[in-house]
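Next up: the structures, one after another.
Below, chain A partners chain B and then partners chain C, in two separate complexes.
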Partner chain A sequence: MSVLAGRRIPYLLIAPAAIVLLLVVLYPFGFNVVISFSNMSMRHFRDWSLVGLDQYRRVFEDPVFYGLLGKTALWTAVNLVAHVSLGILLAMVLNQNLKGRAVFRTLLILPWAVPQYITALTWRGLFHSEFGDINLMLTRWLHLPPVNWLKTLPGSFTACAVTNIWLGVPFMMIVALGGLQSIPRQLWEAADVDGASALRKFFHITLPLLKPVLIPAVVLGTIWTFNNLNVVWLVTNGGEPADQMHILVSYVYRSAFFLYRYAYAAALSMIIFLILLTLGMTFLKRSRVEAGGGV
Partner chain B sequence: MSHPVRWIILFSLITAVMGPAFLSGCGTGGDDRPLSIWHQMEGEGKDVLQIQIERFMRSHPGREVTQLYKETEELRTHFQTAALAGSGADLVYGPADQVGPFEAMGLIRPLEDLVDLDSSDWAEGALVTYRGHLYQIGDRVGNHVALVYNRSLVSEPPKDSEALIRMGRELTRDPDGDGNPDRYALVWNYSEPFFFIPFLSGFGGWVMDAEAHPTLGTPEMEAALRFAHDLPARHKIAPLDADRETADALFKSGRAAMIINGSWAWGGYGKAGIDYGVARIPMIKETGLWPAPMVSAKGYSINVNVEGERLERALELLEFLTSEDVQLEFSRVLHTIPARISARQSPIVTQDEVLRQSLHQLEAGRPMPVVPEMRAIWDAMRPQYQSVMAGTKSPADAARDMQALAERKIAEMNE
Partner chain C sequence: MKPKATVRAFLSYTFLAAASLVAVYPVLRVVGVSLRPGDRLLSTSLRIIPEGATLESYRVLLLEQPFLRWMLNSTLVALAVTLVGVSLASAAGYAFSRYRFRGRQSGLAGLLITQMFPITMLLLPLYVMLSKLGLVNTFAGLIVAYSATAMPFCVWQMKGFYDTIPTSLEEAAGLDGCTGPSAYFRVVLPLTLPGLAVTSLFTFMTAWSEYLVAAQLIHDQDLFTLPLGLKNFQSNMTTEWGLYAAGAMIVSLPAIAVFLAVSRWLVSGLTLGSVKG
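Moving on to the complex of A and B:
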C-alpha cells in the first residue's frame, strides 16, 4: 500500500488504459476459455451449455488436427530460419561502411511498412499460374515450364512462405542491425589480429553477442508466424488449393466463422495458445540459463 | 484517499466501461441514437443508399439514420457477434442465404406480424421466409450470374453449348503461337462454386433436396464438372486458371470476349469502356436444359434486440427502403431487378436492355436455398470444384468426395 501511495499519480494515469486492456484482452480470453468447454454452435448459439472436455476430445480425435499441426510447425520453421538468416545477413551488409547505406536501409524496410494485406494480395497476383510475373519470368527468360503455384499444396505453401519471408525479414534485420551496432568493433579487430576467419568471427563473436536481442525477436517471430492468419488466408484465398493450405489458426477461423463451430474453434485456439505458451516459456527459460552460463 | 484521486478513479472506470459503447455507435439500447443499417452494398450502391437515407431523413424530421458498409462475410460475423451481445445494427441488409443462420442463432426478428404487405406484389423469393416466418424483405431479386459479352467481339451470343465451343475456338486468339492466348472466348470464377451452379443445373443436377440433404454425388454433378473442366482444358476456350479478379480483369481489358458474372459486376464493365450485352448462359445441348443460376433476394432484416418505439422507427425505415420508388432508383443506377412486381412496369425497367436480359436469365434461375446447411454445401463443393478445374482430381472422384464432405460438415454444423 505504501508503494501504491508513493506512486499514486503514475498508477492513476495508466489506470484507464489498464482497465480498457483488461476488458478487451482478459475478458475475451476468459470468454474463449469458457466456450471451449461448451457446446456453442449455430444450433446452440444463445442456449449453449457447458459440456466439459468434449471439444478438446474432438480436436485430439480429429486426424486433421495432426496434419495441420505438422504443417504449422513446418511453416513456422521455414519462415523463422529464413527470417533470421536473411535478417542477419542483410544487417551485416548494412553494418558495413557502404555508400548509400541509408537508401538501402530504407528500401529493405519498405516491405515492413506496406500493409500486410496489400503485400499478400500483390504476391497472390505475382504467383498466378498464367498471368503472374513469376511464371512469366520462368517461362520467357529461363525457358522453364510454368509452375501451378496456387493450385498445388507445395506450390501454395511456397507462395505463402515467400510472401511471409518478404514481410518478416525487415523486422529481423532491424533487430539484428541494432544488436550489431552495439557490439564493440574492437572485438572483431582483435580477432582480425589473431587471424580468425570470417566464419569463426561470425560464430564466436557476432552470433553470441546478437543472442540477447535475437532471442526475444525469435520468440515473437515464432508466435507471429505460427498465428499468421492474414498471409495464409489472403495468398491462398481462404485455403486453396481445395481447402488444403491451412495452418492451425486459419482452420480455427474457418471452423468458427464459416461453419459456426464456435466451441470447437475455441478449444482449438486454446490448444494453440498452450503450444505457444510452452514453446515461448521453454525458449526464454533456456536462453536465460545459457545467459546465466556466461554467453 | 483524496477527492481528486477518487474522481480520477471514477472517471477511469466510466471511460473504460462506457467508452466502447460510445465508440461503437451501433447499439440498440438508447432510443435517441440514430437508427443504423449494416449492409454490403459497394460503390454506387452505397451512394444510392446514402441518397435514399437522406431523402428519408428529410421527409421524417427528427429521424437520424446511419449506414455502415461491411464486406459480406464480415457483415455476417460482426452482426452475429454484436447481436449476441445485445447490440448490432437495427437493420441488417444482405443476401437471402444469411437468413437461415441468423434464424438458427435467434438474431433476427420475425416480421409477419409487424408489416402489412400485399404478397401478390412481391416477386417469388423476395419475401424471405424460413420455418414459417418472414425474416427478410427484399428490395431486389436476382443476385444471379448471366453471360455477359463484349459487343465489339461478339455480335450474337451463343445459344447452346455447342455454339459456345464453336464460337469459343474462333474467339480465342494466340497470334504469336506461344501457347498463351492473348484473348480467351470465355472466363468465369473457378474458385467459387456459385459460378459453377449454372453448369450443374444445366446437366439436371442441384445442390440439395427438399429436406436439405446434399445431392452432390450424382452423375449430373460428374457431367457438369467434366463440362466445366473441358472448356479450358480440352477446348481451350478459357484460361487454365481464373479467380474473380483474373476473370474480371481479362474481360475489362478486352482479353476475354465473354464472362459469366453477376449483376453486381456489370456496372464496372461499362465504366471500363466495354460495350457489353447480357444474355442467358447457353443451353446445354446434351440435356436440352437452360443453365439455372441460383437466384436470391437481397433485403433487410431487423435485429432481434430492437424493441419498443425504436422498433416502430426501424419498421418505418424498412418500409421506406423497400418502397417502389427506392427499388426503382437502385434499378436505374445498378440495373437491379426490383422485388416489387409493380415496379417492373416502370420504363426504368422496360426500357433498359441490360435489365430485360437479366430478367430473361432470372426466369431460368432457381431460388437459392436459405437453409443454414447451404454453408456446408458451399464449403464441401469449393475444394472439389477447384481440384477439378486445376486438373488434380477426376470429376467422378470430386462428385463422390463432395457428397461425403457435405454430409460430414452438415453433421458437424448441427452438433
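Moving on to the complex of A and C:
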C-alpha cells in the first residue's frame, strides 16, 4: 500500500458520512441562514427575496423576545440546579454500602428510560385540574384547594419544570455516581480521621473531584434544557395558557409551523444557536483553564 | 459509632424509598389507567389497580385502532435511520479515532456544534426543502430529517467506542501480516460489536420516540408514527385516556427494557467522548 493511498484512507472512510451530513445538516444550516435574511412567510413562500437584517431587527425590537429570554434563562437555571443537586444527593446516598442498592438504582433510572413524549403527555394528565393525581392528592391528603395548573402561567411553568426535573435527575445521578465510584474511599476516611465535618468533606473532597465528570454533563444538560421543546410543548399543549408558556425554542416552533413566519423563526433560531454557542464555548474554555489546559 | 451508623442507614433507605416512589409513580399510574374499565376512565380514585380492572383498552387499541399500523410505520422509519446512521458512522468514527488527518479537529468540533442547534434550526429549512421536493408527508422525508440529528450522534458515539479499544491490538495484528480492512474486520469490528449495538439501539429508540419533527412532516393518518397516534389519543382525554395509557405501556416497555440494558454503556460513551475530546 503506497503512502499516498494510506493518507487517503481516513478521507475515504469519512466520505459517505460527510456527504450525508453535507446534505442533511450543512446545507439546511446554510439555507436557514439565508431564510433568516429573507422575508419568507406564508404569503412569500415561493417568491421570497432577501431583505437583510430586518428579521433580526424585528426580534430585538420586540419586547416578547426579552420576556422569552428571561423565561428560558429561569427555566434552564431551575432545572439545572434541581438536576445537579438532586442527582449528586441521590448518587451519594447510593454510593454507600447498602443492601439492595442495585434495585434502587434501577428504579431511580426509570424516568430516563421512559420515552420523553410519553413522560410529558402523562404528566400533563397528572396535572389535569379535575382528574389529575396532583390535585387529587392536594385536596384529599393535604386538604388544600385544587390548583389550576395548566391555566395560569406560574402553574404551567411549575408543571413543565416538575416534569423536566423528574426526567432529568437520573442522568445527573448516573454521571455523579460514576464520578463518585472513581474517588478512592481512603480520601474520606482520612478526612474522618482528621475530624472533618460532613459539609467540609463534601466541599473539599467530593465536589472538587466530581468536577471533571460534572462539567461536561452540566454543559450538555444546559444545552438540552435550553432546547427542550418536547417537554414544554407537550405539557402545555403548544404554549397554554394563551401562548404565554413558551421558552425560546417552543416560540420558534410555533412561529414557524403555526404562524408561518418562516424568516422570523429562522432568525430567532440563529439567535438561540449563537447564545448556546457562546455559552458552551466560555463554559468549556473556563473549565479547561481551571484544569490547567490538561483536558 | 454503631447507633449512628444505624440511623444513617435508616435515613438512607427512607430517602431512597421516597425517591423511588416518585420515580415510579407516574409509570404505575399509566398502568392503572390502562386497566380501567370504559365507564371509570375519569375516575377520581387514587387506587393503582382500579376496581373492575380489565384489558379492554388493550383489545380496542390492537384490534379496532390503527395502532399496529403506526407501530409498523415507526419501525420502518427507525430501522432505516439506524441502518444509514450506524453503517456510515462506524466507518467515519473509525477514521476519527485512529487517524490524524487535516480537518480532523474541525470535523469533530463541527459534530459537537450541531448539538447546540435548536431543533427548528434544521427542521424549518428541511421542511421548506422537502416541500419543494414533494417529500412532505412521506417516510423518505422523515428519514432525511431524522438522519440530520442521528448522524452526528452516531459518529461521536462510535469514535468514543473505538477510542476504548487499544491500538496495540491492530499493531499486533499488523505484525502477523493482517492489515487494513482485514485487520478492521477481524480484530476491531468484533470488539466494537457492543458499541455498535448500543449506538444502534439508542438511534432506533430516538427515532421510535420522536414527536415534534414527525408532527410537522406527516399529516396522513395512515402514515402516522406511534408518537403522533398516541398524542391524538391523549388530546381527547375524556374518551381515549385508556387507549393512550395502553398504547403508552406497549410503547414504553420495550424502550425501558432496552434502555436499562444499554444505559451503562451510553453514559460511559458520553462522558468519555466529552472528556477526552
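By our rule, the second predicted complex is superposed on the first by the 280 of 295 C-alpha atoms of A that agree within 3 Å, B and C clash if a C-alpha of one lies under 4 Å from a C-alpha of the other, contacts with A are read in each partner's own complex, and residues count from 1 in each chain.
The rule is short, and it goes like this: a contact is a pair of C-beta atoms (placed from the backbone, for glycine too) under 8 Å apart; a residue touches a chain by one contact, two chains touch by 3 or more.
Please read all numbers here as calculations on a predicted model, not as lab measurements.
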Item to check | Side-by-side fit of chain B and chain C on chain A, or clash | outcome: clash
Checklist entry - Of the partners chain B and chain C, which touch A:Pro16 in the superposed model: first, second, both, neither? => result both
Checklist entry - Should A:Ser156 be classified as contacting the first partner (chain B), the second (chain C), both, or neither? => result neither
Item to check | First (chain B), second (chain C), both or neither touched by A:Arg43 | outcome: first
Checklist entry - Counting only touches as set out at the top, which of chain B and chain C does A:Asn237 meet: first, second, both, neither? => result both
Checklist entry - A:Phe257 contacts which: chain B (first), chain C (second), both, neither? => result both
Next on the checklist: Tell me which touches more residues of chain A here: chain C or chain B.
Outcome noted: C
Next on the checklist: Taking the superposition on A as described, I'd like to know which of chain B and chain C A:Asn79 touches: first, second, both or neither.
Outcome noted: neither
Next on the checklist: On the A-aligned overlay, A:Thr225 touches which partner chain: chain B = first, chain C = second, or both, or neither?
Outcome noted: neither
Checklist entry - After superposition on the shared chain, which partner residues are touched by A:Phe131: those of chain B (first), chain C (second), both, or neither? => result both
Next on the checklist: Just to be sure I read the superposition right, which of the two partners does A:Thr206 touch: chain B = first, chain C = second, or both, or neither?
Outcome noted: neither
Item to check | Stretch of chain B penetrating chain C in the combined three-chain arrangement, among 3-11, 57-65, 75-83 or 219-227 | outcome: 75-83
Checklist outcome for this item: chain A contact set shared between chain B and chain C covers 16, 20, 24, 45, 125, 128, 130-131, 237, 257
Checklist entry - Quick one: in the complex, what on chain B touches chain A? => result 5, 8-9, 11-13, 15-17, 19-20, 73, 76-77, 80, 84, 101, 104-107, 180, 191, 239-241, 243, 245-246, 372, 375-376, 379, 382-384, 386-387, 390, 392-393, 409, 412-415
Checklist outcome for this item: chain C contacts chain A in the complex at 9, 12-13, 15-16, 19-20, 22-27, 29-30, 33, 42-44, 46, 84, 88-89, 91-92, 94-96, 98-99, 101, 104, 107, 113-129, 144-145, 147-148, 151-152, 155, 179-180, 205, 208-212, 216, 227, 230-231, 234-235, 237, 241, 244, 248, 251-252, 255-256, 259-260, 263, 267-268, 270-271, 274-275, 277
Checklist entry - Within the complex, which stretch of chain A touches chain C? => result 1, 7, 9-11, 13-14, 16-18, 20-21, 24-25, 27-29, 31-32, 35, 40, 45, 90, 93-94, 96, 98, 101, 104, 106-119, 121-126, 128, 130-131, 133, 136-137, 140, 166, 170-171, 174-175, 178, 212-213, 216-217, 219-220, 223, 227, 229-230, 233-234, 237, 248-249, 252-253, 256-257, 262, 265-266, 269-270, 272-273, 276-277, 280, 295
Checklist entry - Can you name the residues of chain A that touch chain B in the complex? => result 8, 12, 15-16, 19-20, 22-24, 39, 41-43, 45-46, 125, 128-131, 148, 150-152, 237, 239-244, 254, 257-261, 264
